[in-house]
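Have a look at these structures, which come just after this line.
Same chain, two partners: chain A is paired with chain B first, then with chain C.
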Partner chain A sequence: MRRFFRLFKQDLVLAFRNAMMPVLVFLIVMMAVTVRFVLPKDWQPAETYYFVDQTEGAPYETVLRQSGVDAGKFLSDEEALRGVVRKDRGGIGVLFTGSKTHPRITIMHSDGVTPQGVNILKATLNAMVRRVTGSEGRQFSGESSRVRFLRPQAEPVPLNLTALPGLIAFEVIVLGFMFVAVFIFQEKHEGTIKAYRVSPGGKVAYVLSKTLAFAVLGSVYGCGVLASTMGRSVNYGAIVPLMALGAALYTLIGISVASFFQDLSEWLLPAVLLLTVNMIPAASMVFPTFSPRWLSYVPSYPAVFAIREVLFPSGKPILPLVGALVAESVAAYALCLFLTERNLMKEGRSWAPQGRFR
Partner chain B sequence: MIEVSHVYHDYTGEGRYAVSDVSFTISKGEVFGFLGPSGAGKSTVQNIMTGLLRLQKGDVLYDGKSVRRLGPDFFNKIGVSFEQPNVYEKLSGFENLAYYAGLFDVPTQDPMRLLDMVGLREAAHRRAGSYSKGMKQRLVFARALVNNPSILFLDEPTSGLDPALSGRIKDIIRQKQREGCTVFLTTHNMFVADELCDRVAFLNEGRIVAMDSPRALKLRYGERSIRVEYREDGNVKSRVLFTERAEDRALLHDLIDHGDVLTIHSQEATLEQIFISLTGRELA
Partner chain C sequence: MGTPGTFSLRRVLSLMRQDFTAALRDNVMVYIIVAPLLLALVLKLLIPAAESSSLVFAVDRGLSPDVVDKFRGYGDVVLSDRAGIISRVERLDAAAGVLDDEGGLCLVLEGNEPRALVETYETILEDIDHGGAGADYEEVNLGAGGSIVFDLVALGLIMGTLFLAGTLSGFTIVDDRDTKAIQALAVSPTRVSEYAVARGLLATALGAAVAAGVNYIMVGRSVSVLRLLTLAALSGPLSALVGMVTGLFSHNQITAIAMLKIAMPAYLAIPLGAILVPGRFQFLFYVLPNYWQMEALKTLYAPSLATHGFWFSALVTLACSLPFLMMVLVAFRRRVGLRP
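Up next, the complex of A and B:
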């Protein structure tokens, strides 16, 4: 244990002297300023609808007025409608022509409206037409469809905090993955790993000391970000072990990957590719409709969604995620020990040209 | 006792051996020198002996136990000083030694005492990154002593040191030998080997070409020579003449007959001269 703690202490000292702390403090400040002062808590897209009803008796205008549409949104003719849509870039114009029973509806807009948006608008207008023409028995009140909630409804997440779980998970992951690689390349460059090999230190202490160091640093960093953005509203007792586990997992993966390369320049491209893949679950969290089945096999998936569940509980079971994270960490530890022994603790058996070690 | 028997090593896997059929034994308390030019395979042999390189063929035995089966306890008994000064540059000299001492399961030396021994006390709390190459070399040497090793592997321990500091390091090596420490000294510096080693082995292109005590090697392979200072055209000149060569003997007689000789000193061959005569290569 004395050896392990000596290594752990040394890794922390080196982290401080590698200017890691100023970088982390800077990132915490940037996150806090962005979340608290730059991003709004709520935001609605500035879409404004304008209407012209040129059908006989203007029945559609009547229905819309009854639905509470502001009187100022009704214009007198098509020319005026075109003018206002041209002027208001976020505006959408709806022109009713033809007869009451067979209306022709023209939708006008300046900037791009997504096909999904146009389809929703079409469906809404069709429902209104059916109501006006009496072709649908139900009232135009949205009761034609019902929403059934599978779980108790979660509190809406403020917009400025929406990306926070993904960012926390990803930054803690990056911290372990990248900084441990920097450590290993520094040790290779300085040759200190060679001196370590002829000590009784061994691979277990080497791997675990670095893993613990980055688990601690990752947790401290994550707590710093959470304290400065969400304050006391966080369950720190649950989130700290999750962040530590996430950082530990990616430190183990980071050591394993770095063991194959000689320096940062060789490592950079594969590392960026790996990190990009591991970012995808965070993207899925922000855009929930993107959730292909394979996403759950990405190693960062349990960490990202477990952290989200702790920060913004939605009633989803968290234990399977934590279990998956623990299982991943155990597997990564076994792989890391194997690769450390094979690539770092012995010479002449690395990817690198053998002659370099002489 | 250390027994190295029929060791081969091939980095390429294509049958091109960097080290080929190397065998020798080192007795306890002996200083054994491994001499050869760069690329001769000296570091490869040392790396195999310390377990840094996987043993491919042959065997290395420590008191009868193969290096293949040595556990962490082996590393508690050895000290290794590398040719390249490999220290944590962001840690001070003291921190480097204190950290390294913490890795061992045996009583260790006081880092400050070691730094004092190698003349680094004043720089103890400076970051090693600011040290000169010679200072780093001494720090690496001190690190090799931190666990009171009974076997020392020293790779060019005096490289880059001025004569005074080099003498200090040599004194420490002699002291360790007096304490019963076995020393495996890898160098291409013939003077260091001549001064320190009980026996030396010449390594050339991965093979041992000669092995004995420096004295015995000189007697066996060295040509007797004399250094003559003489006057020629008003200038004082100096030449080494080998008495076993007919043309040198004739020249010496000629100088004596004409009364131009100022001084004559007999001298024995150096290890470097012997190495050159055996291999046709220089050590440096």
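Up next, the complex of A and C:
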């Protein structure tokens, strides 16, 4: 145990050296300035809908203007509408003709708009037509529709804070993945691993000391980011263990991956590609309806949603997510021990009689 | 070799040849070429899939086929019993449950869905309840289109590619310092300007070629490659700047990686974040060459967001890079002792 703590202390000291601290402090300051002073709390993307109302009295244009649609979105005729939709990639044009009570609505769009997307737009336009005509229409089910929430509706998250779960998941807790590799290559370069293998320390102490060092470093970094952006509104009692667990998971994965390579330049391309794949669950946060099953197999998937739930609680139980994260960590630990023995420790044995130093 | 004291193109070419060989041997160039292209392929597949992802309705299997079919018109439908519906809604995506509750349709949501999505679900349910509004619809597809998210990602990827190409020279400089090769150069006739031009030219050529590849994967021929290559060429001093800064502050590959961790977000995030900053504060970014590089790229990939013309932004990118490059060159010369 004493040996483990000596190793841990050594790894921790190394982790806090090597230009790491100034880099982390700079990143924390940059994130704090961006979140607090640059990004707005609320922001509406530029509207990509354009309208022409040729019905008598232009009642639809009136309703749209009343609901806050920008005056620049109303065009004079169909040709102008076609022109602007062609020019504005992703723009959608809506042309109202016919009468006020029985309008004929032409929807103009570009490739890539799905039939379901068009139907949703039709549902929105139908609501507007009902508002203009004052018609209740035919009740399909005989009763008005209702919406029930399983839990009280969560407060909308200010725009400037929405990126924080992603930042913690894809920047803070993956720190160990990147820097543990740097450690390992340094140790390979200096021959420290060979020396370590013939010392009484085992692979368990080697793996765990690095894992714990980066779990501590990741938590300190994460706390710095959160304290400087969200201040006291964060449940640190829940987020710190979560960040430590996530950082430990990625350090274990980092050791496993790095064990296959000899130096940083060999490792860089596969590592960046792995980190890129790891970030794919961010797509689910940006597009909440995008959640194919394969996405849940990416290791960061439970971490990013658990972090979001802790930072912006909605009442959703996070135990299953934490359970998945623990299961991933246990599996990563087993794999890491196997690969450390097979790929890293064998270098020390290359000159020694087989099995003598096991 | 050229005469000491004058700028020698031959020395520049010789340095470039050395860099090219070293970069190929060290895999760094392979990484800089392959990584953006692979990333472009992944994003090209992923973003349209994410954007066109359908709404998901977990519908009470007791509802009539007519009602179920109506929901199919708006998204994917999963038929289930009450417990199954609740369990489907509880999953991490934003699926909505539809129950037949006391004779009326009832929408079940978790409570953590974005407000706009809740409104969309309500509008759909209301439309199904009312059975339309008596309007006749016609749909006209005007052909090739795009999305602002995709455009911004393509823009960010191109900018990231140009940045990465700049780091290639950074890694070479770090290698020169690590192996003390720079000390040999310091006693040779090589001038700091030749050193910077050699590093910058290789980075610019590589950046332009890879950016053209990324552009082709992401948007095909809908963006002028000629303009993109022109911008890459005018961004040459910016690429050299990235490399020289990396080389100036890093003694070995570890500190270079640490430097990139700072430089990459600063390079990309500042101009991207500027999109969200109100117009009256935009002047705060005017001094940054990467801001103008992004402005020029906006004219190609997201014209609706562009506030200046292509040529203006591209030329200001060049103009803003030069003073920074000069300052870094002076500091670099002092640090490594190359000839002025």
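Worth pointing out:
In this text, the second predicted complex is superposed on the first by the 241 of 358 C-alpha atoms of A that agree within 3 Å, B and C clash if a C-alpha of one lies under 4 Å from a C-alpha of the other, contacts with A are read in each partner's own complex, and residues count from 1 in each chain.
In this section, a contact is a pair of C-beta atoms (placed from the backbone, for glycine too) under 8 Å apart; a residue touches a chain by one contact, two chains touch by 3 or more.
No experiment lies behind these values; they were computed from the predicted model shown.
Of the two partner chains, neither chain B nor chain C is touched by A:K41. Using the contact criterion defined above for the overlaid structures, shared-chain residue A:V13 touches chain B, although it does not reach chain C.
Using the contact criterion defined above for the overlaid structures, shared-chain residue A:G191 touches chain B, although it does not reach chain C.
Contact with chain B, but none with chain C, is seen for A:R2 once the two complexes are overlaid on the shared chain. When the two structures are aligned on the shared chain, A:P200 is found in touch with chain B, with no touch to chain C. Here chain B and chain C are compared by how many residues of chain A each touches, and C touches more. By the touch criterion defined above, A:A123 reaches chain C but does not reach chain B.
Of the two partner chains, chain C is the only one that A:V85 touches; chain B does not reach it. The interface of chain A with chain B overlaps its interface with chain C at residues 18.
Per the touch definition, chain A reaches chain B in the complex via residues 2-3, 6-7, 10, 13-14, 17-18, 190-192, 194-202, 346-349, 354-355, 358.
Residues 26-28, 30-31, 34-35, 38-39, 42, 46-56, 67, 70, 73-75, 86, 89-95, 101-115, 117-118, 120-149, 151, 171, 253-255, 257-259, 261-262, 265-266, 269, 273-274, 276-278, 303-305 of chain C are the ones touching chain A in the complex. By the touch criterion given at the top, residues 18-20, 23, 26-27, 30, 34, 38-40, 43, 45-46, 48, 82, 85-91, 98, 101-120, 122-127, 129-130, 133, 135-154, 156, 159, 178, 182, 186, 264-266, 268-269, 272-273, 276-277, 280, 283-284, 286-292, 296, 301, 305, 314-316 of chain A touch chain C in their complex.
Of all residues in chain B, only 11-12, 18, 43-44, 47, 50-54, 72-73, 75-76, 78, 80, 82, 84-91, 95, 99-100, 102-105, 140, 143 touch chain A in the complex they form.
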